[in-house]
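Some structures to go through are shown next.
In what comes next, subunit A is part of two complexes: it sits with subunit B in the first one and with subunit C in the second one.
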Partner chain A sequence: MPVFKTPFNGYSVKFSPFYENQVAVATAQNFGILGNGRVHVLQLGPTVTERAAFDTADGVYDVCWSESHDSLIVAAVADGSLKIYDLSLPAAANPIRSLHEHARECHGVDFNTVRKDSFLSASWDDTVKLWTVDRPASVRTFKEHAYCVYAAAWNPRHADVFASASGDCTARIWDVREPGSTMILPAHEFEILACDWNKYDDCIIATASVDKSIKVWDVRNYRVPLAVLNGHGYAVRKVKFSPHRGSMIASCSYDMSVCLWDYMVEDALIGRYDHHTEFAVGVDMSVLVEGLLASTGWDELVYVWQHGTDPRAP
Partner chain B sequence: MATPPSDSPPSSAAGKPPNPVSVEPSNGGNPDTKVEAVKESSPTSVFVNTEPIREEQVQNAMKFLSHPKVRGSPVMYRRSFLERKGLTKEEIDEAFRRVPDSMTDASTTQPAVSSQDGQIKSSSYVQQQPPTQVLQSAAVAPVGSASKIGMLSQFHWYHAILAVGFLAASGAGTAVFLKKSVVPRLKSWIRKVASEEDEEGLIKKNDAKPSVAEEAAAAAKAAAVAAADVARASQEMLTTKREEKRCFEELLSMLNAQVHEMKSMSNSIQKLESGQSVNGRIALDEQDNHRFSGTSSRQPYTNGKTDTESRSVRSTSPPVSAEPPHPKSYMEIMSMIQRGEKPSNIREINDAPPNPNQPLTNPRAAPRPKPWEVSQPQNTSVNTYPSQESSNGTTYHFQDNQPNGDDGVPWWQKKNVRITEVETSEEHNFGSSNMAAANDRPPQRSWVPPQPPPVVIPEAATAIRQPKKAAIQTEPMNDDQFLARSGDAIDELQKITRFSETAGGSVEASSMVPDTSATEIQREDNGSYLET
Partner chain C sequence: MDNNGQAAGSGPPPKPWERAGSSSGPAPFRPPSAGNTSEVVEASGTAQPGEVVSTTNTNVNRNIVNSVGRPVPARPWEQQQTYGGTYGGYGTGVNSGYGGGMYGSSYGGLGGGVGIGGGMYGNSMYRGGYSGLYGGSSMYGGGMYGGGMYGGGLGGGLGGPMGGYGMGMGGPYGEQDPNNPYGQPSQPPGFWISLMRVMQGVVNFFGRVAILIDQNTQAFHMFMSALLQLFDRSGMLYGELARFVLRILGVRTKPKRVHPPGGEGLPGPHSMPGNQNYIEGPKAAPNGGWDSVWG
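Right, the complex of A and B next:
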């Protein structure tokens, strides 16, 4: 299985929605505390090769691919800016855009899979901003959270609905046509670090928290979670629903493991990978190849492997 | 367009119930909210709260908001607390509405710096009376008790008291000082006068007095000299102690440095032996430290940012008792930054776009459909953002025949049934696997016109189309022929029924010319074509 060593600590990894063998990685120097950052674009094959790399002045906390353009990448940078890179242009022409409106670190970025032309940025300045690639300024700002917003995720079926996860212990559901949030989920007693929608049931959302658990909610009945997934030893950093199986969830945690869950099953934990030697901070499941997983962590390694196999096997 | 801050008066759109029939806020609702609710409630989105307001939650919130300690906190924190406790927006707004002045901060919140002066002015005429009364007792007591978190106006009140108190104290002090300085002058003046008046008669007394005074003065001088000597001695002792301390500290720091170096060396040796590359960075870092490191221009920025960074980084570590074990170099870097040092491996990078107006290139590949879109239908179209609303509006209106239909069944799931027929029939016609079909099909994702209502009464449908056939045969018939003809018609009707209900067309259609044309018209609607 391909492994790639990044010079900086890994923060996020995302598969390309256009090419099965391309992966973007967001990294930050000095664990993201203070230092430069780099965005890598890797080509998977018998070995992993680096197709492109872009340096940033500050750490990169998240990266996402455009859904409409096969060579555009958006990076969320710790200085509050969003950088857009075009892989079809030479490195000297990149980045093609720098969108700087957030007052604090940009921690999450997500591209709309339905409308395919807009994306969200989640920032530690308590706001979520909506952008399109062709506009230099944000289209909307959503300011309601009382603390850092760690992640924002578009609903896979509704072009206008998205969810945000925040350190104020709530997850909120928004509709871009409404000025404020439409639902408030007091999901956890501690900070919520990530959220994701079920691709096959657009009313189901999972939240991952510092309290080591992942909770799965149905927004039609949000007072009681559908499932509480315990098993991680420390805070859960990212959560992702599988694009191929409606009840499968992948998660990564500060306990250095990547876990796979099926929340509809009594014994929900169906897989556990302990390949990282530091915090596992980024995980993704490929949309184009069923069962293909990628993860990265503070041990500066990026793994890509098929579910059921050993990530570290050569 | 920025959304209003959460502590502004509740926005009516946020309080809109999705269902005009459901319970409105208990006070009857403003006319504004009602108007907007009716206007905007047409799509029954499931992503909105449909719960009615829970009165006990509102009561609890009111108790919370009426608490004196809560009064002093910013409105944002009060809202956030209630949200975390599970109250909906409507309930929170209702509680704020009921507790009269809960929307105003007792303190001024962050952005309203300029209004502080206004607040002082408005409150000053109220507070002028208390300070005069509290003058004497003002003293130093209020200083420690004034908590700075959010109590700015009260802080200014106390500030006024303190200022007046300080003035009074200083006045008293100067008075005392003056008295102390005036008394000796008076005394000396009295002495002079006395000596002038009683020069002859009181020579002895005068002599006695000056002598007493002289003795006193001499004693005082001696005491002063002794005190000065004592002071000098104590100062010398202090300085020697300080020097000793410095020496000790230097020794300690040198020892620490040596210990540190030894530790790092042993670490690097261990890591070299074990062959791990990760922790070898520590050795490299040690070497880097000796190199000339960065510019000072980043220092103010980094310091400001490191404060926020360290706060934010610390905030992501769990507040639960078990802290995840951070890597050793992470702790080193954190301690470096807390000391104000900058890690030396940071480069100055200019990551600004070289051409901010770089035109966007054209994509080289078409978007690929998602696995969940292929197997289950989509219900929205891919339009650019500005036109989204209009197309969505038409989509909702057209296909949502049953507003607020079943409980708990969202409207798009009902609608899905019809689109499933469209999609599956398309796939069936293409006759290939899912993925292949997905790849071959152009990424149209355009708004698919809904299928005409399913044929409920096939006979009626065909009867409507029958007139062509009937028109062709206008010969008069007697009863028997009519019965026979109607029997044939019934058989044909049955054939047609079967034919019209099958998904793919059949070649039999060609046998009935007018009907095939009718059914072809029907089939054209779903964009497929008959394949043999």
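Right, the complex of A and C next:
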């Protein structure tokens, strides 16, 4: 599979839930510390072509596709805003909406895959906000974390439940109908940078942390983790359960590698890809093509490859 | 590959896990509620206090909710860098033509409205009934401030779309009616305001660096230890060089003598007679070690 070079440093990559050959990439200039950002939508094929690109005045830290409309994407921007782009409109007519409520950088965004009408944003202002596509303001603000919230993830089987990962070393489980969090997982000794739900078991969640480990938890009994996955050399930046295999996990890390795990088996590390030459900060698994992976990093490259093949192979 | 996915608006293909069976056991969650998210949250009584946001039937909403018959939507263009948190009625303002809430409230905050003005005038906001009247008002675009990044040239990202509008000196500001396209452009921001904006940019910058260091605690720790060790070693090297140079110049320095523990005074706790137990100290090499290399 070919590679795509972005002008800025990559931060996140997501496969379209509608088309197997489209990915959205969030990028930020100067490593996301200072400067502009850009959202790319790439068309995969023998060569990767850019279908659209949208500039922002600050770095873009995350992006997600709408589950209700094939041309809408939501971007989490470092100025604290969420921007909704419509690919069917020319670049000059975008973004079609800019939602600015977070007081600090917006670091994660996730679209509800069950009800398909709402999305979550996680921000460094310690809050998670719930938005619906038909409203110009947030529906709810979830404020309990004591430090930056890095990621929020909807439960793939329950429309009202989601999890959040925070720098206060806890992951929390929330129900949008409850005033506060329903569970607090003191999951790691260090900051938690990402979390994701098992797609085949709505009680199992994985957390990735600065302590270099990934832990898999059962929310019914969260005193001890189901599995601890060690193998990354530095902080684990993103974790993602496979949409096709219940026990398979993809992760990327500041050690510049992308790893694949099977938390059910003893030697959990089943694949390791060292194709990035800088921090690998974005990874995704295609929901439409089994085994298709995408990753991006600070080396300004987006790789899309089939599991088991060399990402750098032409 | 072609886009052989789903037609717009029909929802994505079913997820692989939706075709599979259910989970491993009873989940500790309340069963999901019926209805859309807004209704569910409102019914639970946990919606934002004081927030009654109607799902106004604007162009934007129609476009997001319906996927067919799409007119060109109004554009809520880039309200950047309003860190003051005084965003007020931004959301509704976007949909109400003039964006009154936005102008009315966002100026109080520190650095609020750095990018305000860009695109609000002479833009699609006024498409329709207003377009004729306000056609010439794009000079209020405030493109100079539109970039939103504080340090000069960094605002280039918005240069393209903003360029067409931005001739004025910043957005409407101060006491002036911001919606009056015939008034004078307002004064540029004062010294203190500019300074505060710069300071905020600096704080923001260091905030992001700090978060990055947070996320790399281990790596940073190793880097710092390596750095300190380097300084330590280079200090020792410097000392040795200095002694060498002094020796060349004929100055004889007294080499430091390391007294082995137990050699005099009280013996060390683990010292055995005839067996010097050095833990960290330099080993006394037979010929005096490195202490007398330079004389």
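Keep this in mind: the second predicted complex is superposed on the first by the 314 of 314 C-alpha atoms of A that agree within 3 Å, B and C clash if a C-alpha of one lies under 4 Å from a C-alpha of the other, contacts with A are read in each partner's own complex, and residues count from 1 in each chain.
The definition used in the following text is that contacts are C-beta pairs under 8 Å (C-beta built on N, C-alpha and C of every residue); 3 or more make two chains touch, one makes a residue touch a chain.
Here the structure is a predicted model, which is why all the values come from computation and not from measurement.
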item: Partners on subunit A (subunit B, subunit C) - clash or fit; value: clash
item: Partner chain in contact with A:Lys199 - subunit B first, subunit C second, else both or neither; value: both
item: Subunit B versus subunit C as contact partner of A:Asp262, first or second or both or neither; value: neither
item: Partner chain(s) touched by A:Asp62 [first = subunit B, second = subunit C, both, neither]; value: neither
item: Subunit B versus subunit C as contact partner of A:Ser71, first or second or both or neither; value: both
item: First (subunit B), second (subunit C), both or neither touched by A:Trp298; value: first
item: Partner chain in contact with A:Asp284 - subunit B first, subunit C second, else both or neither; value: neither
item: Touched partner set for A:Val219, first subunit B, second subunit C, both or neither; value: both
item: Which superposed partner A:Trp124 touches (first subunit B, second subunit C, both, neither); value: both
item: Contacts of A:Ile33 with subunit B and subunit C, given as first, second, both or neither; value: both
item: Segment of subunit C that clashes with subunit B, given the candidates 112-120, 148-156, 184-192 or 256-264; value: 148-156
item: Set of subunit A residues, in rising order, touched by both subunit B and subunit C; value: 17-19, 29, 31-36, 55-57, 67-72, 78, 86, 88-89, 92-98, 104-105, 113-118, 124, 132-134, 136, 139-141, 148, 155-161, 167, 175, 177-179, 182-183, 190-191, 193, 199-200, 203, 210, 212, 219-220, 234-235, 243-244, 246, 254, 287-288, 290
item: Sites on subunit A touched by subunit B in the complex; value: 5, 17-19, 29-36, 54-57, 67-72, 77-78, 83, 86, 88-89, 92-98, 104-105, 113-118, 124, 132-134, 136, 139-144, 146-148, 155-161, 167-170, 173, 175, 177-184, 186, 190-191, 193, 199-200, 203, 210-212, 219-220, 223, 233-235, 243-244, 246, 254-255, 277-279, 287-288, 290, 298-300
item: In the complex, subunit B residues that touch subunit A; value: 1-6, 11, 13-14, 45-49, 76-77, 79-80, 83-86, 88-89, 277-278, 302, 305-306, 308-310, 312-313, 315-320, 322, 324, 327, 329-330, 333-334, 337, 342-343, 345-356, 358, 360-361, 363-365, 367-368, 370-372, 376, 378-380, 382-385, 388-389, 392, 408, 410, 412
item: Subunit C partner contacts - residues on subunit A that touch it in the complex; value: 16-22, 29, 31-38, 43-45, 55-58, 67-72, 78-81, 84, 86, 88-89, 92-101, 103-105, 112-118, 124, 130, 132-141, 148, 155-161, 167, 175-179, 182-183, 190-191, 193, 199-204, 210, 212, 219-220, 234-235, 237, 243-244, 246, 254, 287-288, 290
item: For the subunit C and subunit A complex, residues of the former touching the latter; value: 1-6, 8-9, 11-13, 15-17, 20, 22-25, 27-30, 32-33, 36-38, 40-41, 43-44, 46-48, 51, 53, 55-56, 60-61, 63-65, 67, 70, 72-73, 75-83, 85, 87, 90-92, 94-95, 115, 124, 146-149, 151, 154-158, 160-161, 205, 207-209, 211-212, 214-219
